[in-house]
Amino acid sequence: MKLPAKLMTMPEAIAQYVPSGAMVLLGAQMEQMIPFSAGQELIRQGRRDLTLVGPISDILFDQLIGAGCASRVMAAWVGNVSAGVGYCLRRATEQGIPRRVDMIDYSNFTMALALHAAALGVPFVPTYSTLGSDLLKKNGNLREFVSPVNEDKLVAVRSLRPDVAILHVQRADEFGNAHIWGSLGVAIDGMRAARKVIVVAEEIVAPEVIASDPNRTLVPGFVVAAVVHDPGGAHPSPVQGYYGRDHDFFSEYHAQSRELHDFERWLEKWVVRVPNRTAYLTQLGADRFEQLAVREHAYSAAADFGY
Amino acid sequence: MKLPAKLMTMPEAIAQYVPSGAMVLLGAQMEQMIPFSAGQELIRQGRRDLTLVGPISDILFDQLIGAGCASRVMAAWVGNVSAGVGYCLRRATEQGIPRRVDMIDYSNFTMALALHAAALGVPFVPTYSTLGSDLLKKNGNLREFVSPVNEDKLVAVRSLRPDVAILHVQRADEFGNAHIWGSLGVAIDGMRAARKVIVVAEEIVAPEVIASDPNRTLVPGFVVAAVVHDPGGAHPSPVQGYYGRDHDFFSEYHAQSRELHDFERWLEKWVVRVPNRTAYLTQLGADRFEQLAVREHAYSAAADFGY
Amino acid sequence: MATALESQILARGYTYGELMVAAAAREIADGEFVFVGMRLPMLAFVVAKRTHAPAAIGLYENGLIRESPSPQLLYTMADPPNLRGATQCGQMLEVMALLQQGRVNVGFLGAAEVDRFGNLNSTWGGRHGEIHRLPGSGGACDIACLAQRTVVLLAHEKSRLRERVEFVTSPGFGRGNGWRVAQGLPPRSGPAALITTLGVLRYGSDGEAVLASTHPGVAVEDVLANTGWSLRVADNIAETPAPSSGELAAMRSLDPNHFWTK
Amino acid sequence: MATALESQILARGYTYGELMVAAAAREIADGEFVFVGMRLPMLAFVVAKRTHAPAAIGLYENGLIRESPSPQLLYTMADPPNLRGATQCGQMLEVMALLQQGRVNVGFLGAAEVDRFGNLNSTWGGRHGEIHRLPGSGGACDIACLAQRTVVLLAHEKSRLRERVEFVTSPGFGRGNGWRVAQGLPPRSGPAALITTLGVLRYGSDGEAVLASTHPGVAVEDVLANTGWSLRVADNIAETPAPSSGELAAMRSLDPNHFWTK
């Protein structure tokens, strides 16, 4: 049985599956494996009016907002995890620079539950979280109701179906079956909630490698529309077993995004003028990327699927 | 940091954590890794009025019912998966032999959702399943209601918290941290839904082995009350990577449980008179168990957790 | 037993079980998501994969998803050969979620009893006044509620094909047209075929069963005589096609001793 | 920067940040389930583990559960050293579920603003008429709603400790006594301590903040002058204990350059 291969370049995948106006899930694995290379291709291709979805996104959402790609953000936290606030978010929300952005504020748990409800195929999932908060008052996708099985007050978290989920993974085969390990965040529900999935992989491996551990195949190929081989694509965020987090890069972005003209220079240098990840990594410098390389490997004990 | 070790014998674990009247989850991994050795110790220790919980249980529930240990069964299916009906279930429900058993009928999905709701810490989870069925009409833990976020009819599946979940796993450390692979069924939610967890392991390994793959540690030690090392404890059900399914044993049970006196003889031979699994396996015969051994190993590709 | 089977094979070249498995396999279109039930359907899925539907994807309620057919005969869906090399080994909740999302094209069920509108009973059976306890739903109710199409396999006996079932474990078309939507079930769902030991029944727009084909050597009268209600017969009633040599080869390579295909 | 820190250290032997981290670490009892927030709490958890609470269990919202402290300084909870050797790497939903089950004894939060009743704002800040966009809840609202106790770390400024917050991102005691239960929040939940750069505030049975201790060298008047409401002072007001040599050693072995402990 031969399925159609889904391997394509990042420009092809973004051009084919992420139109302007789309609702896009990014950063599903929290501070690890953030698909920066995909997000920056969205900027280069000039996408507009995107709805950005993700619990937290570290500085990727801030960049997309600063580049004017987003009209709406559905998230629990937008900023710079190790360095502080996101200045592009502040300029957009406080001054409409470069454009106004509507914020639909979730908590991490309610964002996870919104994607979980969609993955389960139900209109909502109940929770006690956000009761008494202004998130509940202001976010129309959170609604208080009374439990049908007892008298408890609960919040119904409405299901959320992104048009596209972009996941950065450690390894995948050409059909999109992928192994993810380490930080999972909301990746499993997010991918099943989304209408389409783009997988960005550090490594493309033989189908036999993925099939050797079906419990680690958290992304089944049948939900995947495109597979992009883009090593280093998650930098400056880490990929367990591949490279560490470039903390300085986050601090540098913090300093260089405080003022609008500095941010515009940063964007020109790190996104607009770099056609792809290879060029990006060259500009970053082999020495600097080498600093993030794995110093000590730590391999998982084998599981025997034999019989 | 040294946590109290939880290693004990099966008689100790059952005596300490499963009193008569308890609600016990068994068979969470469906047709694989059914904790037969634990269930048969429940019979030997003469437990009564147990509520048996599990989606399907293959022939373990039938044995517990036939031995008079259960007063109630909450399940989706009770019988003999490869051979047919469960005769002890029929005698108990149709003639009250050896005693009456109340059946609370679920579907597989609604059983999974009942445990999921408890694991999530909410009073219910919604589903479209069972609408229009008599399961919905007869099972008081399934209640129709109208979605608070749209006009859909939905079924609220009430959360279910077993007193004890007994899980058979491939390998665990002395603290109860365990690796499970292959067939997961409802094990993850079931274990988090339960008030106490007993882990029955084919192998006890060093904590470093479990810690080498935290994504495969589906049972975290902090939910585990007792760890029992009981190789072969799942026979006649299979354990991926350890031994296969003894199909003939299920057929033999089917034939030998059809008539009450035959079942009583079977129970005497395979449960009452065998003090533990070692004796059971001796009676089974080394040759027969050897027939089920792994012929061809198939090890998972390693995941690198290094940095 | 073997002799009875041999005589069947001598007479027609295949057994009733083989004919039913082949008919079930043909209900799977290539590339479809198939919710594979216990017993015969496990074999039907493999036959479909090895013949006309190589790209079909199999979902199993223990949490398993498979694109390559099992290399060995399966007695249960969790048999070790079904797990090794699977597309995904996950939780029951995850495959049931795909079903509830409406992604599953066809689901296979067994049952003890079925009625005129395809409602299934596998919980409490009644025969001449006596109540019999049956194993229960398993995943059948979920599949019957949520799959786009359901296919049921059943031994054709008057006591099993009943005007009304005592207990609706798995809803078919209820009391007929429009009933499923009124219950809140997905618009695109419901029984597609009932494959028995005598023929194949399908369902009209009013939700009532219609005899679509009889198996080779079976007369329409035999079917009607063994059905518990006055069964409608399709104008264009056909004969169920015999299993092809390819279908038989696929089945027999897995089940040469007819464990499932008696 | 370094010189300012050095002068602090020369003057008292530790920095304000180190004092706050030590105070936070002491809010963790041995064996407790701790929901570890971003930033300083990550360090506080490790300090507790290495000193008085070796059996504490750390939960992180990315899905991580750890019983052994991270061997390296963490800038984010998903840094590779925090994953290797973890008790469990799961989904966010799974750790949040443990929180919602009521299993989490104490959760740590940061915020931009806090009010008299411990309500937190980290979404929309207002300063002299201007609206400022803040990063948002992250997991803070979930922890504030569902943890048995919550501990908040904050820089003590009049503009941050306000009579009323404009936006309640994470509910404290609302308007006071009984408010949380009326909202439907768990009976056993709510703010336990507010650790600032000047002192430690705790909460009375009426849900209002009370100054429990001032940091060494800080006068009660300084605290009151920098608080946006007339802050109550405990009768038995104490001095916040200085970090022990063990606590300082644990912190400095991880954060010698005071990334988190300025």
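Going in written order, the chains are labelled A, B, C and D, and every chain counts its residues from 1.
We adopt the following convention: contacts are C-beta pairs under 8 Å (C-beta built on N, C-alpha and C of every residue); 3 or more make two chains touch, one makes a residue touch a chain.
For clarity, every value in this text was computed on a predicted model and none was experimentally measured.
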{"item": "Chain pair with the higher count of C-beta pairs in contact (B-C, B-D)", "value": "B-C"}
{"item": "Distance from chain D to chain B - Cα centre to Cα centre, in angstrom", "value": "41"}
{"item": "Geometric centre distance via CA averages, chain C-chain B, whole Å", "value": "28"}
{"item": "Interchain centroid distance [CA atoms averaged], chain C/chain D, Å", "value": "58"}
{"item": "Centroid spacing, where centroids are CA-atom means, of chain A and chain B in whole angstrom", "value": "37"}
{"item": "Multi-chain contact residues (two or more partners), chain A", "value": "120-122, 127-128, 152, 154, 181-182, 184, 215, 238, 240, 244, 298, 305-307"}
{"item": "Junction residues of chain D, two or more chains touched", "value": "64, 80, 83-85, 89-90, 93, 99-100"}
{"item": "Pairs of chains, among all present, that meet the touch criterion", "value": "A-B, A-C, A-D, B-C, B-D"}
{"item": "Chain A to chain D touching residues, read off their complex", "value": "29-32, 55-56, 58, 75-79, 81-82, 85-86, 89-90, 93-94, 103, 105-110, 112-113, 116, 127-135, 144, 152-154, 181-189, 238, 240, 244-245, 247, 250, 298"}
{"item": "Parts of chain D lying in touch with chain A, wherever the complex brings them together", "value": "38, 61-64, 75-80, 83-85, 89-93, 96, 99-100, 123, 130-142, 144-146, 167-171, 174, 179-180, 183-186"}
{"item": "In the complex with chain C, residue positions of chain A that touch it", "value": "1, 3, 119-122, 177, 192, 211, 214-215, 217, 220-222, 305-307"}
{"item": "Residue numbers on chain C that touch chain A, as the complex places them", "value": "33, 49, 54-55, 57, 64-65, 67-68, 80-81, 83-90, 93-94, 97-102"}
{"item": "Interface residues, chain A side, partner chain B - complex", "value": "120-128, 143, 145, 147-150, 152, 154, 156, 158, 170, 179, 181-182, 184, 205, 209-210, 212-213, 215-216, 238, 240-242, 244, 294-307"}
